[in-house]
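Some notes on the structure that comes next.
Going in written order, the chains are labelled A, B, C and D, and every chain counts its residues from 1.
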Amino acid sequence: METSQFRGVIPPVVIPLTEKKSLDLEAFDRSINRMIDAGVDGLFFLGSSGEVAFLTDAQRYHVLQEAVAIVNGRVPVLAGIIDMETMRVIDQAKRAAGFGVDALVATAPFYALGGPKETERHFRAIREYTDLPLFAYDLPVCVHTKLDPDMLVRLGEDGVLQGVKDSSGDDVSFRWLVLENEDAGHPLQLLTGHEVVVDGAYLGGADGSVPGLANLDPAAYVAQWKAAQAGDWEKAKEIQDHLARLMFVTRRVKATVGFGAGVGAFKTALWQMGVFNTNQMREPVQPLEGEDVEAIVAILKKEGMLDPDAPVRA
Amino acid sequence: METSQFRGVIPPVVIPLTEKKSLDLEAFDRSINRMIDAGVDGLFFLGSSGEVAFLTDAQRYHVLQEAVAIVNGRVPVLAGIIDMETMRVIDQAKRAAGFGVDALVATAPFYALGGPKETERHFRAIREYTDLPLFAYDLPVCVHTKLDPDMLVRLGEDGVLQGVKDSSGDDVSFRWLVLENEDAGHPLQLLTGHEVVVDGAYLGGADGSVPGLANLDPAAYVAQWKAAQAGDWEKAKEIQDHLARLMFVTRRVKATVGFGAGVGAFKTALWQMGVFNTNQMREPVQPLEGEDVEAIVAILKKEGMLDPDAPVRA
Amino acid sequence: METSQFRGVIPPVVIPLTEKKSLDLEAFDRSINRMIDAGVDGLFFLGSSGEVAFLTDAQRYHVLQEAVAIVNGRVPVLAGIIDMETMRVIDQAKRAAGFGVDALVATAPFYALGGPKETERHFRAIREYTDLPLFAYDLPVCVHTKLDPDMLVRLGEDGVLQGVKDSSGDDVSFRWLVLENEDAGHPLQLLTGHEVVVDGAYLGGADGSVPGLANLDPAAYVAQWKAAQAGDWEKAKEIQDHLARLMFVTRRVKATVGFGAGVGAFKTALWQMGVFNTNQMREPVQPLEGEDVEAIVAILKKEGMLDPDAPVRA
Amino acid sequence: METSQFRGVIPPVVIPLTEKKSLDLEAFDRSINRMIDAGVDGLFFLGSSGEVAFLTDAQRYHVLQEAVAIVNGRVPVLAGIIDMETMRVIDQAKRAAGFGVDALVATAPFYALGGPKETERHFRAIREYTDLPLFAYDLPVCVHTKLDPDMLVRLGEDGVLQGVKDSSGDDVSFRWLVLENEDAGHPLQLLTGHEVVVDGAYLGGADGSVPGLANLDPAAYVAQWKAAQAGDWEKAKEIQDHLARLMFVTRRVKATVGFGAGVGAFKTALWQMGVFNTNQMREPVQPLEGEDVEAIVAILKKEGMLDPDAPVRA
């Protein structure tokens, strides 16, 4: 599989659960196929949206096993190997590799405090233990470290990193990363995880996106990528406006904050749209209910994702 | 002066000092005229880049007095009324108004801890004491409060705010602000202070920009705004790439961090370009020197802002 | 006035307002005298609890003028000279000095970002403009910079600082400051602003305290200081337990957060105790009401600060 | 094993490694026995200082197996079950229980963002899967959530928690926790992890301490606990001053920050004192060397932990 495959729209896959909080294989199959049929360029499992933090190791590898089987080579599969510090991440890397994934995605170390020396050494150490393409996942909101563009490009030039999934929310840093990567001969594939402003990221030179919201509307993200590739920026912008409004599903949640509001809203939307069978969440998060569900349904209808007359599923 | 004047490129003006750390009127005149001649749409004095925090009240009003005289009605003048809490801000508002400025710019209260109720009340209280157009300045890196888009639009609808200068670095929030402002009938002029990614902000619907970097290259920002207005996004992007690289002047500073590196680099660049006579800074910040100056000169040459053979001024 | 006077209990004075939000001189006089009669060792005006951020300059100097007149030399008067950056702080220092205060209290610069070089230079620059004893006010929750113990001791040894008011909430750093100050020959008077754990600070070697809560119960803090001086640690602890419970007045507020909850609760308590005539707050903060007032009254009764049968003032 | 055993001095055990970065069983045995012989009241394995974040699961359980064998029932063994979110923590709990430990220690969930609802549910969910005494580990510097005293006492009253290891650095919150726990009938054992100010915590009512520094000088912490129990606060303070100065080993490190400086300094000190055979660290952290080692040796000598003539081990 060539490097150039890791570009375009690569959604981080949200995991459907049954009422008993186990993996809902039927809905998982439906959602994956729906995204592949819409034309996505890859799928990323076990990311933050993919509940990686909430899954035991056994559950993580169950997800990977089923995912690889369902995808069946149609698009590249990226797997998150998220854990606290280097040797635990390497442990995850070794196991994920056994499931036939096409690339690995790792964050900086978290939990223990460290500095830039430790962060750089961390990625180099992972590389020593795996031959798979490795993406750095820049996610300071969870990891509490911002990855430095200079370091990332250096790791690209040294063959440590294949690319970066940037969910840092720091668009200035991302722009500098794009420019420095260009100056270095483009060693890294640069993917934005910033689903609300993908148009600007594409205009600035991103190689693709990893939008959680693409679980809800993969076709729109695919159309936007094609528009951007064709230089039709007005269309890319217009589609983005729709997607930014669709993202309001996560903004109108009142019952809780963080993951429960964000991924909780995605699951609730997918459930109301008939892609998922429930909006169940894993411990300690509770599924959304009542007025939060109603608010989400209203947004889905306004954005054309649900029939205006559709009843609220309960 | 109409509302519609507060759009386009409105640089926050960097203040030149003499070696004795007093306002350098000759350079101030030169820099302001250079920006107006380049076609900027307004000028913002006493912003963060304009040393507002470092000036005594007497020095602040000296700056305003000279600024209004030099500008002489050619473009609108916005004045920062930055202070710790509401009544101090109102005190600044009353005095600034006396100098004939066209609009005021205020942050959320800072120093004392507060919550969203206090932030909203703050802007409403300022409005009760002034008739000038009022912009909210969203600058969490200094103010430690992020302004909520819902609140901003509500304040726009209620006639409290004329617009927003968004230097929050939160491009998702800015996009939502743009959309909600649109839905409300566009009560607010929305200006991005995010000088490195202005192209994306324009594509997303910003009404203009407040780029500190425009002190160095006002013509480029003006050309970019015109390109964006004409829908020439490739050109807007190309200009932005140049400007993003020019911003490296602030990234390569080793001697210090924060304001001394950021505005310190701007002043050093303007000095080397002959616009300023020194790169002097106000207490407690020291001017850049030695290898930091050399690094800045190298970037200016690479980006065509200095003749390749120009010696380093000392 | 000798150095040794800046020790013991030095409350930061809370400001009573009339219903019209102006300084209530009658209550101000009563509250100051109540604290002096209780035996406090000094009074600190224009600190964070003293509304310094909320007062215009004219209001600040009105407070100082009245305060110095009421105190009338009975105890030393410390004055906060809180402003954004160095030259503004120096401006405040010059004016405060004219009112006959005995010492000045300054924070690190805030608003503009800086680093340790700028922080140290800031205090040195202030010293160049005043002969009054100068205290550093370590208050990262408002100022967003933690003062380094090594720097503080160095500034003490160099005659820049007279002492430190530590409201950092970092008791480890404070302990190290005490030890390093001791090793350097005790150049600094070290006062804790951590009103809930003063007993531990005294045991660890603090020279005194600056407890906002002493506005409510000055006699208890004075008794505690005497107990600590006498080595009666069990008594110091017992008094602290009462004071820590009394501090619950700030914890049970539901209407808002931050200053409005903290100083708002102090004012409400002083109002209910008959020391203040209102619990009025300055813009943009609103006074507490309803169940928040009732919760405060219940705590005051439980801690013996109000007669069990006292009605709630309204 | 009774509840009352979880009090007094319970060091979090630092892990010695061979040059090849594997568990050094000889040094592990020596260090554990040295602490038990000094009279500690319990030992805590797999805490932050115990490298829990850096160990694969296989390595974690190797540590527990050896630890339980070496301790051999002489003191209670507490085991950290630190992982990202609830079900992963429960997975760790089940496995740790199999090794015969006496209590479990869990943090709030980390990685995914959440709120207070999720935090409380997290501890309740863990309790549903284990019968062992459960301690909450309050460590916002790693976990980015501060545990609320009200919630902790509620969980104590409901039989969910046995106690709290407070490493929050928030001594005000800890004092309130002590008081509210007292009011509720003392359901929780409250242990401070704040090794530099244990005297104040004991005076304030802590049931014990979990000081990483006790790996270096367990006898001093044991003597301090006895002094505090006997009401000899001057002695408790004097011992604390020695320990606070000994903690300077972590303050004088220049090569790195965070865990590498903190636990890195502890390991270097134990190596120089002959308790450990190396100061090796796990990936991605590098062991201290050169002037950092020399600075640590100088402090150890000053504090009487090394013979003044001892050469620096290399």
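The rule is simple: a residue touches a chain if its C-beta (ideal position, glycine included) is under 8 Å from a C-beta of that chain, and two chains touch if they have at least 3 such contacts.
Being a predicted model, the structure only gives us computed values, none of them experimental.
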Angle of rotation relating chain A to chain D [CA atoms, steps of 5 degrees]: 180
Approximately how many whole Å separate the CA-defined centres of chain B and chain C? 36
Distance between the CA centroids of chain B and chain D (whole Å) is 49
Find every residue in chain A that makes contact with two or more other chains and list them. none
Touch graph of the chains shown: is it line, ring, star, complete or other? ring
Touching pairs - complete list by chain label: A-B, A-D, B-C, C-D
Report the residues of chain D in contact with chain C in the complex, numbered from low to high. 169-172, 175-176, 179, 194, 196-197, 199-201, 203-205, 231, 233-234, 236-237, 240-241, 244-245, 247-248, 251
Provide the residue numbers of chain B that touch chain C in the complex, in ascending order. 48, 53-57, 59, 82-88, 91, 109-115, 117-119, 121-122, 125, 141-144, 256-260, 262, 282-286
